[in-house]
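Below is one structure. I have some questions about it.
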């Protein structure tokens, strides 16, 4: 899968990732992108997001603490990104929690060409319109097949879809892969999914194949989580260790890869 | 006092705490609530705060970096919470620092049924209209009796009041308790009071008695601070250790309780 | 240079620093100011920033995630600070990244008396209107003389100018100093420049001489970075160590000073 070759290429390019993310995780996302070797920029003013998205290597839209002025700026940034062919990652944080978020996400998906939709099972289930019991912004539980959800939402939106969980599922509608890397402690630190969306953006910006680069991002990110959990079994120190491990990731971690592609 | 039984029950329920908090501490509050076992959600848009507050187990209003659009959303969320009987915690951060904050807090207390008001001595003194020399958002110093302040503000607002300090004071107007747990380093990390307000919300959401659950929250939170300070005597590493200790709190820490109830 | 005498005086006074900073770094800036011994306050509402800036010891304006409502509040706060003689620090984060930021910074410099402008080489080059290849909010590279830029921008704006980099340059137009303290890891944590602007504000608030106090802030801050890097060679743990080292700074670190003043 050449995940670590992609990581090395990404580090060399240090892509500029324009994050329009939520105020809870902005610091975590910026530090994580710096640690792994990308260049984060956060900008929200409607007067500047167009030009900034145009010169960025990727635009990441995260609705975690969305308000209408920021949503309007996201549309401006998104249209500018689409015009220049800058890939867009959408993270529909807690989309199931309110009609408002559902409406905003529906508009973003209708008006913009999204390259990658990344969320937890509850969030993707909402987009797939399948029954799911979410718990606030947490994933929740449901019976529906994850791989089927990933594939259907990918086909419906002509984008790559990644579902994060104990096992991650990634599909572009034609291909499907699962990733078993990662650690349960990653659910005890806020913004781990939001940062993964940013890291996916950095990988996508540095590689032609959306599916392959999304897969590489999930694999390397999960491995950083496993290594951090070995060093720090509790969430406070784990959070810092995880930043260190993002910084330290390298080819030597190849043998830790637990991922497989399946035919659909 | 059964503080740790309450902690265990709270962990089992993992209550959804809707935080409308300030942008300085949002990440710290979310991570602290995850570490101790609650489920945080942050949401600020007037279009969604009503429904979200209605489905939450508790609503926490924190005016730390308040602006008028967020204040208006707080009123919408607060009325929705009151209608559904969802308890509300108010953290009047730096209320003494401007007439604007004083006016906003006055409106919140007039329009909403608040279950708990939690602040430092300078903030509660402002509500009690007693002379106090605060220093920005820090507690400051004054001569007035803390226990008298707690009781008076509780009676005036028909809510529980908690004053954080070297000795915490908690009163519902009829009952009064003091807590000597905690550590001075907690004043060297921003958002420790804001996170305590969130933790109080999680305890209140999981217990019938507002006074008892507020007391249990202060006791367990203070013990986590003491244990963190033993491991890390400096503020940067203390902050991470504190998150670890929130995660590790358990019945074994019972003997650390330094609290007493007094008749009024 | 008496940098550590200035640090001690600053700790004694614990100046109230009103930060209007960006949402990515607000938590980091508040914790850093607490760690080194200052008192941070963040406030953004146009209804209160005037009174708060008036009672503060320093006002720090940072355009990192600026929006027009916050910009308008910055003007109100700035005018209030100027009226009371409260010094203002301007951190033109990523000013080269959009015409919008350039226009806002131009307005702030035209309407307000700014005591200190602190930024990286790319940001100051933008103000000096010299060619520079920045990368998002990162410094980037250029051929122009740093010391000449610092001096020219200082004279043009009648303020002290500090350029952060591997070697820092500080000038008030008449005097010029360079600081070689600091560590490369400081570029791998977001908000290290933003926090330095806040720390400069705390030093300026506690000392008469803007040039000397800016120099002392850069020296002590850089030394904290060197000591943190010795203890933690990776960005996650470095960030926490840095907070510890800000807390621990003392006269014993005198011999680490690597700075020199030069005649112009």
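By written order: A, B and C. Residues from 1 in each chain.
Convention: a contact is a pair of C-beta atoms (placed from the backbone, for glycine too) under 8 Å apart; a residue touches a chain by one contact, two chains touch by 3 or more.
These numbers come from a predicted model, not from an experiment.
Asker: Tell me the shape of the graph of touching chains, choosing from line, ring, star, complete and other.
Answerer: complete
Asker: Compare the two sides of the subunit A and subunit C interface and say whether they are made mostly of the same residue numbers, over half shared, or of different ones.
Answerer: Different; most numbers are used by only one of subunit A and subunit C.
Asker: Approximately how many whole Å separate the CA-defined centres of subunit A and subunit C?
Answerer: Centre-to-centre distance between subunit A and subunit C: 33 Å.
Asker: In subunit B, what residues contact two or more other chains?
Answerer: 23, 27, 239-240
Asker: Applying the document's contact rule, which stretches of subunit A touch subunit B when the two form their complex?
Answerer: Going by the criterion above, the answer is residues 22-25, 27-28, 64-68, 94, 97-101, 135-138, 187-191, 234-237, 239-240.
Asker: Name, in rising order, each residue of subunit C that touches subunit B in their complex.
Answerer: Contacts found on subunit C: 14, 16, 23, 26-27, 30-31, 34-35, 39-45, 47-48, 51-52, 55-56, 69, 239-248.
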